[in-house]
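Written below as structure tokens is the structure these notes are about.
We just call them A, B, C and D in the order they show up, numbering each chain from 1.
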Amino acid sequence: MSAQPEPIHDIAHLGNVELLTPKPVESLWYFRDLLGMEPVHTAGKSVYLRGYGDYATSTLKLTEAAQPGVGCVSWRAASPQALERRAKVIEEAGLGLGWTNGDFGRGRSYRFRDPDGHLMEIYYEEQKFVAPPELHSNLKNLPQKFTGRGAGVRRIDHLALLAKDVAANRKFATELLGFQLREQVRYDEGKTEIGSWMSPTAIHHQLAYVVDVKGAHGRLHHFSMWVDNRDDVLRAADILTENGIFIEAGPSKHNNSQGFYLYSYEPGGNRVEVYSSSFLVVAPDWEPVIWNEEERGTGTYWGAKLPDSFIEYATPNVQGEVSKSPEVLKEAIAALS
Amino acid sequence: MSAQPEPIHDIAHLGNVELLTPKPVESLWYFRDLLGMEPVHTAGKSVYLRGYGDYATSTLKLTEAAQPGVGCVSWRAASPQALERRAKVIEEAGLGLGWTNGDFGRGRSYRFRDPDGHLMEIYYEEQKFVAPPELHSNLKNLPQKFTGRGAGVRRIDHLALLAKDVAANRKFATELLGFQLREQVRYDEGKTEIGSWMSPTAIHHQLAYVVDVKGAHGRLHHFSMWVDNRDDVLRAADILTENGIFIEAGPSKHNNSQGFYLYSYEPGGNRVEVYSSSFLVVAPDWEPVIWNEEERGTGTYWGAKLPDSFIEYATPNVQGEVSKSPEVLKEAIAALS
Amino acid sequence: MSAQPEPIHDIAHLGNVELLTPKPVESLWYFRDLLGMEPVHTAGKSVYLRGYGDYATSTLKLTEAAQPGVGCVSWRAASPQALERRAKVIEEAGLGLGWTNGDFGRGRSYRFRDPDGHLMEIYYEEQKFVAPPELHSNLKNLPQKFTGRGAGVRRIDHLALLAKDVAANRKFATELLGFQLREQVRYDEGKTEIGSWMSPTAIHHQLAYVVDVKGAHGRLHHFSMWVDNRDDVLRAADILTENGIFIEAGPSKHNNSQGFYLYSYEPGGNRVEVYSSSFLVVAPDWEPVIWNEEERGTGTYWGAKLPDSFIEYATPNVQGEVSKSPEVLKEAIAALS
Amino acid sequence: MSAQPEPIHDIAHLGNVELLTPKPVESLWYFRDLLGMEPVHTAGKSVYLRGYGDYATSTLKLTEAAQPGVGCVSWRAASPQALERRAKVIEEAGLGLGWTNGDFGRGRSYRFRDPDGHLMEIYYEEQKFVAPPELHSNLKNLPQKFTGRGAGVRRIDHLALLAKDVAANRKFATELLGFQLREQVRYDEGKTEIGSWMSPTAIHHQLAYVVDVKGAHGRLHHFSMWVDNRDDVLRAADILTENGIFIEAGPSKHNNSQGFYLYSYEPGGNRVEVYSSSFLVVAPDWEPVIWNEEERGTGTYWGAKLPDSFIEYATPNVQGEVSKSPEVLKEAIAALS
């Protein structure tokens, strides 16, 4: 038997994503009325929401801001001990910001920045959702009534962040957080890392880093919510279109992750995905699937190729040229899912 | 912070189930032509099969035998070290049978029996499936071409075993194997444990123990394969019916697990489920959902109640009275999923 | 070439069904909030509703009454001349009641009773729905925005009436109205007509007559609304269950009509079906499919058999024994779809 | 009451389409193994196929030829008398070719050409399919076992033909054949007729004429087969992709017809659609929905715009410039469904 180190299981799952929006009223309408999420709390300039199947009290925090983008990304630790271990490792790496008492629904949290500058935190204590009477489900293992409102997204799935240096951030996530690397897009005979998809759970990916073609920092590519069936994604497309929401791509099927996707821009400008299918990874020795220029094709398995905006637009939006070898890079992240 | 022990992550996932069949030709037809599984190997009286999305070479072993039922259930360890740790713990509990060189596609394995007598093993080394040219998928992260044959089941999901003493077997699985308890059915104000659903992964359950109403040992309730969409379950019902296969229950929706199910008997007599939906559990502190007599109802969320055969029939089939307080017990395991 | 008479095309389609309800507020909640229909008009004790894909202004009239049941069933003629022709034929048969100026959204109508006593009418002029701004769809060929509310039923599909003498009513519908006979259930070597399914359109059936096992008159078995996909029927089951609506049968698949069905009781007591799949009939020489005792089985193709209530309950509910040879009759209409 | 002429019901439905292919072996593989159609007869250079739900013996005739394209399009009359009436009208219009004894499975047929030169015929007598034992369904109203092979297309739906003069051909179909006009694309403030969609049944359209941007004659845009659910279209995309078939567009949703489409090229070169959703039209006074330049957009309701090939490629393929005002015309038929 080899003496290779055992897998790290200290991060249990993606817990919460904070989205920033310059149009809080319209963004809330999008997430509540169109995606069907449930607002559960308001504090300051923030509204906290949840999918009907999320077990935590809240999984999305919507915060008014001058520019759209991502605020704090919260990861749940597997145990109190795991929380301490990860905090120590991150602190030693010089990325730590320190402890907070925790945001709504969560206990003390250790804050830090990933190498690209995105704000993150780890916590262990989490308040389970207790439905008020009007949201009580008659299905005992469902934390909240399925209201059937809008697209009816079930739960938080993943987020994709842009990074100037994908490799550095991928190493951070796999080595310091312990995520398993699931898929990569690598160009130039493997030398250029265009994107990496990782997860702390059996869910295909909960975090992706993709190269920022404008060379900026701390930006969001998209945030993704899960629905159970492909038909739910199609239904979501009808609902978003009827309500004047811009659909950027899909419904269609990615090659990377096999996900069935629908990308739209919420009114605040952030790209949001309604997502289904994909596949679970439970193998402890999963070998990352690596796509080169030719293999990654248009980023779709079938369906039209992803539009240029999918590569060039992110939040906050920044001016500036698409950096170095644009032909390569622009096409590169078409595989992004 | 409490000093509670940390979760055990030594078992990675359900790896393989062996089904025994007195009608090997017809059973192979069922799994290959109707469910759409792929035969990959034959040895002695056994055929090895896989779902198109399974990453291991084989996940189902079909073995000719005088009676239907379950043979060996194989669990994959998370690392070589985890394999050693679990073998030691099981041996110390007096349940161990010893090491083998491993069945087709798997390395050395530690064999044992659960308290009810079902044969099991743990292994770490697993041969990934390498598709022959005619089964090569043009989707790089799919281990095998989606042939579209029959119901097209994607991957192994779970199995449900009967046990005379559910509590003892549940303790074995949670304490010695480290599975997380997800749901239970408990009667008599919680004193009688009718069934327990557990998992080593984010998949809702990969192992269930349900009371054997005939007081026998070592029997199988059902084996379950996954499809991605509820529509695939409906399509499977059409295919099974057109081919004269007896459908015992469904397509319908369980309350326990929220699974969308279809139960049929493969020609050898074993109950097989085509399964979708359900939900993932990633919370490290998941509190088991416990159903009492009233709450578990008919075992379905909507749709007709499960038939008596669902409680009384298992493989191998045995004669004998339904034991003690049959009214209670018969209804009891209706919640089985 | 034979000199057989040519098909009659004078009735174009089912136009409107009036349902009576002793609980108008709750019934309106069911049709508007749970099925997702749109109320468009109120007059006296009636509310007029429509499915999002119905082209007429209204297809369901909900009227407060002491007992549940069916009010007037309205059929649209294919032309002004066709209206006159049918009115004349019905009048000559002694079933006519005379002309009215037409209900909301429809021109002058000829009223009559079928042999069993159900009130019906034929009209030609129909007011197309013009959506108010808030219901304007951005899909030009969709008469109304797809709101995504509740089950989101698309359009009226059919209704099933009970009759003491099925044959007499079937002859009325085929000979006087010109409907094409699609399927039948006949017992006793074809001598006893248990049910007949007919249509004036390519839709499998828009009118069914099934024997009233209590020997009453003028009763409703069920009213049916269409959704486009089987998955929509499953979703409807979730929504109805979460809102405490009694689901009597399904989601499952009929053998007769191949329809994918979900039967629930709206709060007023009427049985309502959410329906999909089935098949279109465009053959001018369609030979009715006739099911005998053995062939009709349990009324389902797969899935649990229909419950006794499906045979014994109708609106208005009446006391009384299940008439003559109940074993035969009770099972008989299990094929009802 | 107005004295407007009554609707003509002489054509009952689209009966058969003949496709020409230079690669008969590969085309047969496509329709039989990938789409799941059933070959029922071979004669000369032709193979006759059917969808599992088609009631006629055959609905697709596949004929070896030097070039791909459409052969004879067969329409079924509603009665023997209707056949005589339509033959007479067409003959008087100078388009008639005369009577034949009928192709496989059909009685005597009157052949003619539409104004653009496509070969067509009308017949009344049709041989119903009688399944051989191995294809016998245990669902009595299903003419053939649902084999589950490939995409499992259910029945013939429609075809779209190119025409140099859309208006002339549309008039032919509506006035001489009696089809109802369902939708149109008209440019230049309605003066330029780009495409017209028509039907003799409740099916949204069974015949479309769209402008041939290369000014040729007698060409085919696409042939379309129906599946019951949108999920079946998605599954078809997986199957076609896994088998190396070029997918030109979709799965996605048209605005025109609301159809959920998937366009691929069968190996012989013809564009074939797998199709679902859309809507039925039963109104006798249906007002055609007319789309202008702005409204027709990209031809899709959501999803990527249709590619240029969708406008420029047809069978047989011809060289030559895209005629007059290409910007207008190229975009024009994007609405084609």
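Throughout what follows, a contact is a pair of C-beta atoms (placed from the backbone, for glycine too) under 8 Å apart; a residue touches a chain by one contact, two chains touch by 3 or more.
What you are looking at is a predicted structure, and each value in this text was computed from that prediction instead of being measured.
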Steps in the shortest chain-to-chain touch route ending at chain C and beginning at chain B: 1
Chain whose mean Cα position lies farthest from chain C: A
For chain A paired with chain C, centre-to-centre distance based on mean C-alpha positions, whole Å: 47
Approximate Å spacing (C-alpha centroids) for the pair chain A, chain D: 44
Where chain C and chain D are represented by their mean Cα positions, the distance between them in whole Å: 31
Residues within chain C bordering two or more other chains: 139, 229-231, 238, 241, 301
Parts of chain C lying in touch with chain A, wherever the complex brings them together: 137-139, 145-151, 229, 231-232, 235, 238-239, 241-242, 244
Interface residues, chain A side, partner chain B - complex: 1-2, 4, 6-7, 9, 12-13, 53, 55-56, 76-82, 84, 124, 126, 128, 139-142, 154-155, 183, 201-203, 228-231, 255-258, 277, 279-280, 282-287, 289, 291, 295, 301
In the complex, chain B residues that touch chain C: 229-231, 234, 237-238, 240-241, 247, 249-253, 260, 301-305, 307
